[in-house]
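Listed after this line are the structures, all set down as structure tokens.
Each of the next two complexes has chain A plus one more chain, namely chain B in the first and chain C in the second.
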Partner chain A sequence: MRSLKTPATTLERTRAISKNFFLHIHAAKLDPYVLKPTFTFGLGVVATSLFLILITSGIFLLFYYTPSIERAYFSILDITYVVSGGRFLRNLHRWSAHGLVFISLLHLARVFYTGAYSRGRGLVWYSGMILLLLVLSFSFSGYLLPWDQLAFWAVTIASNIANATREIGVPAFMDPGRFLKYLLLGGDQVGQATLTRFFLLHVVFLPITTLFMLGYHFWRMRKSDGLNTPGSMSAATGSETSGDPVSDNMPNTKWLSWPVLIWAELSVFIVTLALVLLFAYLIDAPLRAMANPTIPENPAKSPWYFLGVQELVSYSAFSGGIAIPLLLLAGLFLIPVFDREDKQPGTWFSGTEGLRITILSVLFALPVAIGAILLSPVTAPAFRGQPLLTMLLNPGTLLTILYIIWALLLGRKYRSRRYSALALFTVSSVGFVVLTVVGIWFRGTDWQFIWPWGL
Partner chain B sequence: MVPWDRLAIYLAVGIMTGMETNRTRQFKVAVISGGFVIILTLILMMLGESGLRDWERFQENYLAILGEKVSVDDKIRIRQIENHDLRFVDRCPTCHVGLHDNQMTDQSLPLTAHPGEAFSTHDPEQYGCSTCHGGRGRALDIPHAHDQAIDNPFLRSNQTQAYCGKCHLTIFPAEFSLPGAGRLAEGRTVFLRNGCQGCHRVRGVGGMHGPELTDLGTRTLHSFDFRRVSGDRSINNWHREHLRNPQDISTESIMPAFHFPETITSALTLFLRGQFSPQFPLQYITLPMIREFKHERSVISPDEIFSRLCSGCHGQRGLPDSIQTVPFSVPTLANPDFQAVASLDYIAFTITEGRGGRYMHAWTSEVSGLYETEIRALLSSVRDMRSAAFDISRIKHQAGSVEEGARIFQGNCAMCHEANEGTRLAPNILSDGFLSLATNAYILANVVEGRANTAMPAWRTFREEQLIHLLAYLRSKQTNSMRPLPVTPMNGNISRGDSLFYYSCSRCHGEKGTGGIGPAIMNGAFLRMTDPGLVAATITSGRAHSAMFGLTSRGIKDISGRENDILDIITFMYSRRDSIPDYIPAGMVLGDPDRGKSLFYRRCAECHGQQGEGGKGPALNNQEFLSAASNGYLLATISLGRLGTRMPSWGRGSADYPALTPQERQDVVALIRQWQTIRIKRDKRWIK
Partner chain C sequence: MNRREFLNRMTFGTLISGGALLTAAALKIPVPQTGFAARRYNLGDINKYPLNHFTFLPEKNIYLFRDRKRIKAVSAICTHLGCVLRRSDAGFRCPCHGSKFNDRGAVISGPATRDLDWYRVQQEPDGRIFVIEDQTVAPEDFLEI
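What follows is the complex of A and B.
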């Protein structure tokens, strides 16, 4: 029998990683820089941990949940009040889900700001973007399953946002938005068909797809020799990957993965688990009255990560619901195509110049976003009844145009696409955050402005 | 030889290993502290699920108390009632252990036995607890079990009665008696007596100005708008604030502010929260309620209809002091001056056609949900209100005072029946030609019932003795003795009579006899009231000092050739006694609208608006109004005024508002009639 003593020699430590089924995705050696907390903040590992927690808690919930419109709500009630530990498990699942969306966005920001998509890691970026879309689909499909008023109307709103392509007069048989809406809903309205297919998505299709995509994401990263650190750019090896699966010959890989990398990942997982368990213990997941198609919620709000889009939709359904989000996604997707400069990868903001540009962009974006939102009570009545004008001249398109101009000007001034991308990403993020914040806390009945918490 | 290179390598490796070890240690610390938090949280969670729960404590108390009384053999466990028809899983007995136990009546909550007699009719094993009390049946902790923010909110004991409405009728039966539901009955009475149903439809009957209230009890907390509600965020408070001042809650509301005391408000809130459509399988619901939802509800009487549907705007029993302040003018229906001038035609038309553009909408079955029989009964009761308060046949030949009669005549009749110049509004009734033919009964009938389509109001409010004096005065003007009425067989030629009427009579009496210089004579009311002999005699001898020239007054001595003519005319007239014209006849316009315009601007526009659009007074250019009101109605209203409102009597005149001459009144009516652009046909269903 093979000895189980702790690996001590270099060879033993190398083999502990490379010969292990679960661990051999890691390289045997690593660049110590990757373990700096302030480099990555462990966000990718947090996201993976949350995903694992979600799978586990989700499987437990599957024991009791029934995806039928007569029973779904009551099965949730049973889980919450009758099943031992049910309330806790449900809370755990819900807060992990929200957490995963949030962390994914943060991870996206980190990867962008450290330029980790450069130096040939474009495919990692693309697979990551697809993972983001999968996470959002996960969260959205799961949102409907409790079948309460919150769920029902949130999904109704979101599916109608998809349907906004009818505003531009596309004939019905060619209308992708309409197609998407009917694909999602399985009918005109949210009903049993919707619940069934959302359940299918949430429990079968999306997990399988996500696991595959996650596997590809990790593999692609390993194939690109791990994380993009500042020191990994050297004259000796150039900027291309060595193509060697066991890249222990990179100049900066000074440490052996065993045991420090294992402890690092374990600690991130444990801390994530601890926080999310605490959350689940202290705060209950919301549950409103059972879904009632005849009584709409007012305001009917989609999940928080779509509220920025919903705010934009309140200005114009097509430009806010379809044009701008598609533009945003296309822009995000194509960043590695746009920026091929490989400017100081692994360094936050690509250096002090970049940091200055980021701060300037934040200072520009914040008042512009708030101003555009405050403009909305003026533009809405001015262009009512004129769909084309509303589509073209509303706070959302105004913001988009101003932000793009800002990014172009900066790019031209500094003659760098990376800086242009930095600026555009920053202003878009700030705008998106402001819109989301307004959508969550500053909009009330009939989508009127309110002060939050009844101030 | 010091091996410097080896030392350097060892040092480098040592440093690197040291840094590596530091990092590892940092992560190890994170794992251990995270692990502590996890274990702590899991322990707290598990403790929360068992061993320290409230219900276990309650059950221990219960067993202890019970153990003092009898020997017990029961353990601490979850107690549950389920019924999937009624969709509940109720674990209330887990804390409320003493529910069924008569020995626990002396305890306080939660161990006390259930008070009252509810269990004798509602077996808890079948009906559960949350059906009547609300709350989350599955929950075992107090805040969730007694949750008021869910779709079946928990109601405190003083409001539990509201949920009786889930199975029991509350709206349509005339009587309501459910034992133990006293406050529900109180709220119901308030709702039905204040005309709420007139704007708020419930269970298929009611008006449309306010939201439908049929399922109000199922509305959850989230569906109420609390933006302008002060106080706590609860359904009870929303209703309280809304009843106190509706405009505070919804700015465009026209609902008046009912200044109810707090007890009434809470009873009404309870009633409103008890409005439900059947949610349960039919075997749990009372048979009358099922019928009600199949539109086989019990019929409501005309008094009930008025109280439920009309009194909200028109005041309880139509009295002015009970009208809430609605932001638009409504007539007080019990006003005697209104009752005098409004004929059944007018009232029926208004009820069934409404007033376009105003808040009075048409109360037909399609709109209001009332049955046709109920509407007909309502109209009949209106007609019955118009008869005299006493039996006029008792007034035969009693002697009255002529001076009194003269005073009464001067104050009420002279403004139309005695004219000094120009066109008279009304025939000369002091002439012999009339008085020698008219019996007392006929005169009294005219006075008390009025003349349809003319300006003669129905003077219902005269007392017996006043009528006696009036008769004495009229008779004092009679110079000749009473003439007998000729017998008039109805066997003339109707079509000949038709053309004779057209050529001879319609010039003055209006085309189709609907009135002009002469009174309206081709309507059922007149023809039923008047003996054909009187008509024959009037045609024969005419009326002195009037335009009715009769045959003899034209110097035709020998009328024998003309008797057939008269017969034909009368036969024709009476053959049309029961025919109902499609439109309410307005009658001829005898005034000058231009003169009327300047008069209107000076005298009427202040209240009725420059174009008759209304303001302090009702709108006069409303098309439904003009289709309902004949010129006679307009003349009568102008002449009489409306006591108790700001409409002065332009016939009598006063210091502030000097009288208008009959011609001036005709001119104003001519102007008003000019505003009519369409004629609305009436629905013959309602006119017998």
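What follows is the complex of A and C.
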């Protein structure tokens, strides 16, 4: 019963952290700045909480779900209407999944804007980017499983996007897009083999990979002495501490992680849990008609977080579905390589100058994005029958080029790569949000423009 | 070469060549050896398809056009990203990304960049009429009957 006693002395509190299997992922001491709610908004903890909720609810759904194209849809109906508490569990799983995508994106933005990737924390950033890709893969593989209309057409379209590499004339035997398409589909169209593969991905491969990557993400944070705060003392390569919390020479201004940090994290977890439970209780997860390989819905829309890409793809399959998303991902991955200035880490926007640049970038990106999208009814018929022009000259590529020029100009003016990165990240995010909003609310039948209020 | 060197080389040689072979196999296994079946459909009694009209054949994802003397068949799969096209007043439209095609299957508006495929329609000596998806033809190539 020794472990139940509340630790009283500094030594006992340090030991409580370092000896406990679950707590030792935290440093024994922390900079009190970390606990400032407006510094992190607890987004990393929220994301982890949602992941735990997803694993738990997912295990229960597995009791009844059947991955067969004849049975899958009806097993979801069973879960919804027959299984005790099944509808609630499915709602919980679905809303936590949407929440995890949303929170992961916010977490990415928070980490970027507070410069948390600097001072030798590159590996935390890279593992975080891989986790983001894993979260998106989870969502993508997860929405095939109910085998409804959304599932069938989203995966059909996505696999053809991968295969859009043929547009640039790659020979079939060495075409990575074609390989990926056949790897995912297990054939030339979506069928039983596809469902089996996505099921395998969703419940075996991705959970194992994510758990390992999450462990690595936490361990790298731990080795970097926790979050990147303005007062953080670790040098660019100084992630090597002896690992012994008592002998580590820490400034006296630090607090002990036990109990303050642990309780703070627990309360974030509880609030998260309460919110998704409330959501799951109040709002039912949608289920469309059963998959019909001959008639797509009109309009056939993917989930909200892919609607930005769908909007881009409606300009050109290759540049919108492959080139621009890959460019965006590569840009995000390389931020710690591009910006090594360590300009005021742990401070939002690296100070007031950075904030000014961010606001300017929003003001630039917003009208440019809307203008480019309004060009689409002009460019689409104009370049008909000219594959190369359609690929190179469309609203998506136009936006990309203007945004890159903007970031380069600002970087040059301020002679700072951090400010250039701030500008590029901001304009890209604004572009992404505008495309997504247009995809959600301003596209109707046959993917034509509509007013969301139905004028 | 002494014994230690020999064993070292054997160990790493086995690991590297075995690893390479297994990787190659692992990349090969998930990609199916899909042999594509010859895609020929017997249309059956053609009088069941209305005259001067594009009829959608749901199982095959093609539109069949017939008038008094001629038959032709066009693919209903969008050349952009594979959605099934719906019939509109003056052609075909994609519900997923908004591409438009005219009655000849030509692109009127992107994102699609390639015209629709027209399939060979062929009459056998015994009178049965087949659509042959493996052979594409020009939009003017009707089967005269």
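Methods note: the second predicted complex is superposed on the first by the 432 of 455 C-alpha atoms of A that agree within 3 Å, B and C clash if a C-alpha of one lies under 4 Å from a C-alpha of the other, contacts with A are read in each partner's own complex, and residues count from 1 in each chain.
Convention: contacts are C-beta pairs under 8 Å (C-beta built on N, C-alpha and C of every residue); 3 or more make two chains touch, one makes a residue touch a chain.
What you see is a predicted model; the values in this text were computed from it and never measured.
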Inset, instruction - Mind checking the superposed model to see whether chain B and chain C fit together on chain A or clash? - result: clash
Inset, instruction - Look at A:297 in the shared chain and tell me whether it touches chain B only, chain C only, both, or neither; answer first, second, both or neither. - result: both
Inset, instruction - Give one of first, second, both or neither to describe whether A:149 is in contact with chain B, with chain C, with both, or with none. - result: first
Inset, instruction - Examine A:386 and indicate which partner it touches, taking first as chain B and second as chain C; both and neither are also allowed. - result: second
Inset, instruction - For A:310, decide between first (touching chain B), second (touching chain C), both and neither. - result: second
Inset, instruction - Look at A:63 in the shared chain and tell me whether it touches chain B only, chain C only, both, or neither; answer first, second, both or neither. - result: neither
Inset, instruction - Using the superposition on chain A described above, determine whether A:445 touches chain B (first), chain C (second), both, or neither. - result: both
Inset, instruction - Please indicate which partner A:187 is in contact with in the superposed arrangement: first for chain B, second for chain C, both, or neither. - result: second
Inset, instruction - Once the two structures are superposed, pull the chain A residues common to the chain B and chain C interfaces. - result: 295, 297-298, 445, 448
Legend entry - Parts of chain B lying in touch with chain A, wherever the complex brings them together: 16, 19-20, 23-24, 27-28, 30-31, 34-35, 37-38, 41-42, 44-46, 49-50, 87, 89, 136, 138-140, 144, 150-151, 219-220, 222-223, 225, 227
Inset, instruction - Under the touch definition given earlier, write down the residues of chain A that touch chain C in their complex. - result: 153, 156-157, 160-161, 164, 167, 179, 182-183, 186-188, 193, 197, 293-300, 310, 313-317, 320-321, 379-381, 383-387, 390-391, 394, 445-448
Legend entry - Of all residues in chain A, those that touch chain B in their complex: 32, 35, 74, 77-78, 80-82, 84-85, 88, 149, 254-256, 259-260, 263-264, 266-268, 270-271, 273-275, 277-278, 281, 288-290, 295, 297-298, 444-445, 448, 450
Legend entry - Contact footprint of chain A on chain C as seen in their complex: 30-32, 34, 36, 56, 58-59, 61, 80-84, 86, 88, 93-98, 100, 106-111, 113-115
